[in-house]
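Note that chain A is present in both complexes that follow, paired respectively with chain B and with chain C.
Our next item is the complex of A and B:
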């Protein structure tokens, strides 16, 4: 399917807001077919009933969806668990620090704050949204391979905060084993490192300046995923939104908030996950009920009828086979 | 005498010898069907109890015990993409169907990667070359087996045994067992014929076929299939 006919599902609970109206108009002007929904339930139904190339989701849905639990990040997690290469762009003005980290770790394709301009091009948020939709359509799916390639037992640990690096080093050794060699590097010196020769890359630094050179380092280190995966640990503060979302949009394997008292435990868990998914796109576990709903093309009540029919069949065939 | 522990389906030898399992394509497909019953809606031979037992085995067996050969995985993917294929002319619907099927495959892949092991053939010869030793052995099927198969087919002559993929899976069983000479390697399958012929394969090809092999027939856990 060409970009011109790509279909997008756009979920937002404020259809009258200027940003949403303009975003819809610009996307449609760009040649996309855009279906707009105002609730979480409709967005989920949309995933099952029609093929969408891209999903654009708001996070805070409390204006329209007072009877629904959850938010856009929960819907992202559901969609990505049902197919790991589902492209979800979060487009929100109300997401919290926690949402930024959760969305990055759940593998959103992009996270755009409705009020933020592009730090590199100066484009407004709607222009960025259109650009990212086009970029997502140009991104080819990565074929998944069942084989498990053993990662090199080397970890690249990058950052300039000595205390964070010391803590992260201890966790890497504990989680991956003493046989792993840990190579430390300052952030700028990491430009000379070869991230592809590592089994995992851990970036641990409280905050990242948005200077071009720093952005280059981050982009380069994060571009090697999934061989190896990169885990980013930084401080989650509102005033660091630009740098946090910049990192989130480089597709880290996990993004951890060092202000969270549990971050070291999360790092240990993330290292093990990164080891399992080395050289592969992570597949999240889907809820079995959500998997079964994939056949929504049949009426809902068919599920029970099917089960009953199969239960009967079991006895008939079982008796026959036993004889 | 072998003592077994049947906590959730697999016969587990209670001894110091570690047991590994090689699963057949039908095991993976049954496991998937236990989650998504509708993919077996048109199969009148489908046994839901068997599927659920297999699902329990796949979910609960200790990590690293079950091996999924690359060939089995390839066949499983082919089966999932072929069953109840969407042949509509609506290309949007076809893409939706394909994404759904890929989702099924991904969930199974996740289970294998996190809990079990993919096993890649690394022998100097193709497994098909090894398998030819079985398909060329005209005396492999003895009179008793032949009679039993004839009875199963009820005169239609439609029963098959070691007709290609069956023989190849035994080549994999042999290769895995040879890589783990101190362990017992068991083929876990819903193919009764294949499970039944294994002892004879082991005896007739004793000079090269691994003797630390066994087979377990998934649908009838109360019976010992071989030995």
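Our next item is the complex of A and C:
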């Protein structure tokens, strides 16, 4: 699909808010066709009703009139479970630390806080949104390698916090095996490392300063995914929103909160998953319950008989299949 | 039961005790095991020994194995598994012997001595926890129950002590899991005990589990924390701490939700203003609208900076041009003349533009107010900015009369002001200092102040 006719589905429960009005206007000025929905259900329905190049989702949907559970991150997980290269941009003025980490680990294409300017250019959040939509259209789908590719048994472990590095090293050895060679690097020295030659890259650093040089390191280490996958471990604190979302926007395989007492266990699990998904785009675990709730809107030109047959069809998905 | 100590009945036992007391545990272990084999194979000596002697021998074997393990940094050492096995087997034999002793003399007897079983259970729990895995809780329950059958109070006390010990270091992930396991073990082994003291202890343990869930701080843990506190109240209805905890958690929930909503609403409102202003800036507006729009942009950036500072948001550095920044400022403050000096004032430097603006404007506004106070005529008002990029330094000097020497040392403290009380909060420079901290820099008053004004240095 050409850029001129690219179609976007925009979900936000505050259609009258100035930021939404301006964002819609800027996107339409930019030549995109934008369908706007106000609820989670409509967004899910939209996914099935037609092809969208990009989805823009709000996180906090508490203003929506329809009583539905979930938020933009839940919808992201569902979409990525249905197709692993669905491009979902979260555009929110709220969201919690948990949302940031969950969205990154569920492979959002981008997470833009409505208040945050672009750290590189200073563009405001709406300008960033338009830029990222354009960038997403220029990003070609990554073909999945046929069959499993064995990763090199080398791990690059990057960070400046000795205690985190020591803990992460022990977990890498335990999760991947003693035959894996672990190369440690400080954050800035990692600019000279060769991340593409690794089987996995782990960044373990409590906080990333939002300086251009640090951003360069992060961008370089994260650009190699999925060959190898990159796992980022840092502190999940509200005041670190800028750096956490910067990392989330570089497409890590997993993002873990070291303030969570279970982070080492999560790192072990993530390493195994990174090993499995080396050189491939991950397919998130589908949520059959959510799929089943979807009301599929059929195109108008579907024959009446087909329509009736589809509407009568039993959806034997998930737990309800046994009932 | 023989009251004659083992070393008096069998002098060879002294050969075991010597390395044991000297903490040569590997040697003590080998000798104690050899001693046990010998007395078992020698019917005459074996027959003379009482159960308490055999209990003593097995205690020594267990503790020697434990000591050897500790000397080698845990069970993961080369023969760690073998030592662990020897420890647990000796503890098992110790328990069998004392259980028999208890059945033979249930009211009183040597088995009632508590120091040995306390140590053994404590060490058994430490070893089990060290090897944390899927079966850890089950294994711990098994051993605690074995001790509980003989010494109920002792076993529960040791378990609680272990729990409190691990809890003291709960910030470490391992200890966090250990606390959870031990707490679950306590609740399982005391489930059918009607005793009121145990009920109170159970409530305490449930409170600990509630704290743990709360401490984990991930999605859903608040519900889990509340669930545990509610169970604690069921176990001990008079538990006032549990009632207060429920009120605290529920109260915090309300406050957190209110703050979240407030932030959402202010963020959305500010983002809307930014969006509208950007839309205006893209239009060809007639004069004097562009100047007004520029002033609005500056004001909005300041609001955003303050909004971020209130949340202590980390700095986002990007290169900015100091000259452009000062030129923009000079349009906002037309009643003062700006002068930029320095070796390379056209160069750029790395900072967070919104935070830098707050610091700079704090200095400018302070100077403007001082100009007014000291009745400095507008044409004479001068602000000089000295830019030294090589030293990462910006100096701001004014000719507004200077700062009272009596408060110079306290000028960056909160609520200290040179102005009349009603005109100022005394927080401007204090906030500027805090913001410079977020920028990894500092602000200070130059040691030598100009005769007619003040001079501040910003170091980045």
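Everything below uses one rule, namely that the second predicted complex is superposed on the first by the 284 of 323 C-alpha atoms of A that agree within 3 Å, B and C clash if a C-alpha of one lies under 4 Å from a C-alpha of the other, contacts with A are read in each partner's own complex, and residues count from 1 in each chain.
The definition used in the following text is that contacts are C-beta pairs under 8 Å (C-beta built on N, C-alpha and C of every residue); 3 or more make two chains touch, one makes a residue touch a chain.
Just so it is clear, the structure is predicted and the values come from calculations on it, not from any experiment.
With both structures placed on the common chain, the touch criterion links A:83 to chain B but leaves chain C unconnected. In the superposition on chain A, A:218 contacts neither chain B nor chain C. By the touch criterion defined above, A:112 lies against neither chain B nor chain C after alignment on the C-alpha atoms of chain A. With both structures placed on the common chain, the touch criterion links A:40 to neither chain B nor chain C. By the touch criterion defined above, A:231 lies against neither chain B nor chain C after alignment on the C-alpha atoms of chain A. Every residue of chain A that touches chain C in the complex is listed here, in rising order: 14, 17-19, 21-23, 25, 60, 93-94, 96, 98, 113-115, 117, 119-120, 122, 124-127, 207, 209-212, 238-243, 257, 259-265. Residues of chain B that touch chain A in their complex: 35-38, 40-41, 44-49, 68, 70, 73, 91-93, 95-96, 99-100, 102-104, 106-107, 109-110, 112-114, 117-118, 120, 219-220.
Contact residues of chain C toward chain A in the complex are 173, 176-177, 215-219, 260, 263-264, 267-276, 278-279, 304, 307, 311-319, 350, 353, 440. Within the complex formed with chain B, the residues of chain A that make contact are 1, 7, 49-51, 82-84, 86, 144, 146-148, 276-277, 280, 283-286, 288, 291-292, 294-295, 298, 302-303, 306-307, 309-311, 313-314, 317-318, 321-322.
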